[in-house]
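Before anything else, here is the set of structures, which you'll find just below.
One chain, chain A, links the two complexes that follow: it is found with chain B in the first and with chain C in the second.
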Partner chain A sequence: MTNAELLAEKKARLAKVIALEKPDRTPVILMEDSFCAVHMGVKLSDFCSSLKRENEVMVSSVKAMGPGVDGITAPYGAGNLFPLIFATKVKLPGKELPDNTLWQLDEREIMTVDDYDTIIDKGWGAFQRQYLIEKINYPFDSMMEQLGHGQEFINNFEEAGYLVYSPVVAATVNEQFGGGRSLPKFMRDLFKIPDKVEAALDVIQAETVAVLRQQIRAFKPQVVFLSPARGASAFFSPKLWERFVWKYLKATAEVIIEEGAAADLHIDGDWTRDLEYFKELPKGKCIFETDGTTDIYKIKEVLGDHMAIKGDVSPVLTSLGTPDEVYAYASKIVRDIGPNLILSSGCSLPPNAKVENVKAMISAVTGR
Partner chain B sequence: MYIILIAGFLGSGKTTFIRQLAQYLVNQHGKAVIIENEAGEVGIDDQFLAREGFQVKEVMGGCICCSLTADLTLAVNSIEAEFHPDWLVIETTGLAKPAKVIGTLTSYGQGIDRIYTVIIVDAGRWPELMEIMPQLISAQVSEADLVVVNKIDEIGPDGDLARVLAEIGEINGRAQVIPLAAAMQIEETIFRGLCLNARGGSEDSPA
Partner chain C sequence: MPAKNNVEVLCVNNLLAHAMVRLDEDSVHYLFKQGIEQGIDSLTLLEEARAGVQKVSELYNCGKYFLGDLIVAAELFQDIACMALETTMAPTTSGLPPIIFGTVEEDIHDIGKNITIGILKSKGFEVDDLGVDVPPLAFVDAVRQTGSSVICLSGLITTAYDSMKKTVSLLDREGLRPGVAVVIGGLVSEEVRRYTGADYWVKDCTTGCQLCDAILHSGPVKKAVHL
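For the complex of A and B:
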């Protein structure tokens, strides 16, 4: 089989799982970045130095895992991009951190209460660029330039016969304040000035969705990654969750679907209480990506007829467990979640995951 | 090695409390280590603690919090191998539920005699946090062996401390509950009792 044929086969397999049909086998998508650096013996500081470098290293790592892997979540690492989603500084290896320490969100209150008004008056785009450059010293223009090479980065995987699962990335708008204001201050704002927060979020939402539509039209992705990471049900009372998380999550997912892609809902933390809400989204058009905190069996029970499920081999297992333990867990979910499953780690593979454990996870699908 | 796991919402006063606990442990001449498993703003002043003979180790996670518990367990095991301390104090991230951390430590941790869970609650923000994130705060409190109701100085004499204590008692009737202000001097008897319970009730050995 040529790489192009292999790629077509993998895309068709993924499409079947998303459409709730039965695939020939469970797809394996690796959600990884820093792990690839360790795997390839590259220092994290070197890895993070540019999106191009991240892409090179990730392509080599995926190839070394073998053709049984269907693809990778993203064409480059997440470290450099966090400020765009969380409005917070990120400490990077080789800069604020030692060469081989994983990047770290540096959460503190940088956005002020007055910034809500500025956003409402002036709009989000203008505010964001200035904020990132002036308040968090983010190399905004250089990042935009690098992101402009997105298609080349995707091609590097596809030419090797691996798909890039969700080349377009979005986050629900509440993340900008959860990060920029810091989570405790944001929570206080929801308590004291909820109407103002909502008005500002509505402004961000309108602009973000317009940009997202353009991106989907440009890249024509099969799947779009949508992260409401700090939106877990466990963090909000039902009323606040509905108003400040679900409203934006649902609207953004609907836009993704309207533009012809599937929505990968990146669900970190405990969302058990609100699983029923996800039935409001169109059937066969979404993937519930769990980090393992929301129980995958519960998700299958509530949403198995409605959407695919991606996960959820835990970072504890891949870094501390043995290949036999990893194989046993991965095989169990392949069997029990059945045609709904896209096999993956629960959230990103940690940099200290053992290579033999990642191989054991893949072999639950491809055979040992 | 006895582990004291300190959890509680962001900004509740975990680090402030740990500083005094650390001082107490140092005075008891036991070997002790602190792990900061934190993404917050105010870190432990490790120079102060290093002067006092303490080891402080920071454990940080990249993608929000998903790899934190594994990193934490690896840190615990390397501390056990390197220092073999009598006490290990762990400050967890304010968004963590202790049960997950304890589960991982129980499965993969080495040299652990006991894990004692202390939840720090911000008394002044209790009504607000219970309205905004009732599930997380209740889950944290329900897993506590000891609930420290902190910042009682911010409630004021006509404040609602009694109501806060009653609500905590409803969530967790098993835990000991101690109101205090960690920003001021904490009485030594509180730490003595804490350590005694953390050892499972046996006498404080001279170590």
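For the complex of A and C:
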């Protein structure tokens, strides 16, 4: 089988799972970036020096895992892109952190209450660029130039016979303020000035969705990754959650679906209370991607006949467990969740996941 | 300054506690200032704010309030504690040694840590916050200097596990381990507790606070699992 045929087979397999049909086997999608660097013996500082370097290392890592892997979540790492999603600084290895320390958001209040008014008056695009360059010292133009090579990065995986699961990445707009204002200050704003926050979010949403439509038309992705990273039900009262999380999550997912892609809902944290809401999204068009905090069995119970489920081998298991333990858990969810499952880690594979544990996870669907 | 009377004290106090429970920032600030103007002792007002946070915690524990509500309550209490400090020598504390708290080496996540510290302070505990990316030796030095019997290690990435383990090992090597209960929090589990050698693991802020309270008031440290 040629790489092109292999790729077509993997895309068809994924399409069946998303459409709630029975695939020939459970697909395995690796959600990874820093793990690839450690796997390939590359320092994290070297890895995140450019999107091109990240892409090279990630392609090598996936190839080393073998053809049983269907694909990878994104064509490059997440660290360099965090400020675009969370409007906050990211500390990078080799810069603010030691060479092999994982990149991390440096969350503090940078955006001010007055910035809500600026966004409402002048729009998000103009504000975001200036804010990121001046307040966060983010290499905005360089990053846009690098992102312009996105198709090349995707091709590097596809030519090797691996699909890029979600070449287009989006986040719900509340993340911009949860990061930029800092989570505690954003929460205070929701109580003190909710109308102003909502008005600013509406401005960001309108512009973000317009850009997202263009990206989907350009890349024609099978799936678009949509992260409401800190929108978990555990954070918000139902009233605030409906107004400041679900409203934007639902609207963005509907745009993704309207443009012909499936929406991968990257669900970190505990969303158990609000699982029923997800039935409002079209059937067979979404993937509920759980990090394991929302119980995968509960997701199957509520949404199993409505959307595919992706997850959820835990980072604790892949970093501290044994291959037998990982194999046992992965095999169990493959068996119990059934044909709607896309096997993956719960959120990203951690940098210190053991290679033999990742192989054990893959072998739960390809055989040991 | 107008003379205070019992009716005014009662009014301001009740309103302040209620405003805290409603998470009404403007009213909380206004009522504190109003209370001070009426001649009410700032520590009395601080105790009312503390009672408000306690009620918010209770509502969180029974599922009526959510993590965001706890965050806002802890923030508002910090506001009041700062305002009280401006008008008096110091807010009241439990009189117990401080709880040592920090995000371990190579990890800079601090949201969960900060919320937990805010609630602990609202309960009257003294907390020695060492910040983020804290090396093992800094935890050990803090225990030595303060005589603390509770140390809370926070971490949200898996590479934090080794930093937690190193901290526990260093406490052991320095002969401090028997007198100190080590609590880990964040992305943790029983497996992580065993790996690191900690005594307890918690995944949420209020459980962490209840645990610290129980440890500090139970005398000798008991080795236990998740509360």
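Observations, loosely collected:
Following the convention adopted for this analysis, the second predicted complex is superposed on the first by the 368 of 368 C-alpha atoms of A that agree within 3 Å, B and C clash if a C-alpha of one lies under 4 Å from a C-alpha of the other, contacts with A are read in each partner's own complex, and residues count from 1 in each chain.
By our rule, a contact is a pair of C-beta atoms (placed from the backbone, for glycine too) under 8 Å apart; a residue touches a chain by one contact, two chains touch by 3 or more.
None of the values given here were measured: they were computed from a predicted structure.
Contacts of A:Glu32 after superposition: neither chain B nor chain C is touched.
Of the two partner chains, neither chain B nor chain C is touched by A:Glu289.
Taking chain B and chain C in turn and counting the residues of chain A each one touches, the greater count comes from B.
In the superposition on chain A, contact of A:Arg188 is made with both chain B and chain C. Using the contact criterion defined above for the overlaid structures, shared-chain residue A:Asp268 touches chain B, although it does not reach chain C. Residue overlap on chain A between its contacts with chain B in one complex and with chain C in the other: 101-102, 104-105, 107, 183-184, 187-188, 190-191, 233-237, 240, 315-316, 319-320, 350-352. Put simply, chain C touches chain A in their complex at residues 23-26, 65-69, 71-72, 74-75, 106-111, 114-115, 157-159, 161-162, 187-189, 191-192, 195.
Touching chain B in their complex are the following residues of chain A: 34, 78-79, 101-105, 107-109, 182-184, 187-188, 190-191, 229-230, 233-237, 240, 268-270, 273, 291, 293, 315-316, 319-320, 346-348, 350-352. On the side of chain A, the complex with chain C involves touching residues 91, 97-98, 101-102, 104-107, 183-184, 187-188, 190-192, 233-237, 240, 315-317, 319-321, 350-353. Within the complex formed with chain A, the chain B residues making contact are 9-11, 39-41, 60-67, 69-71, 73-74, 94-95, 97, 100, 104, 107-108, 128-129, 131-136, 139.
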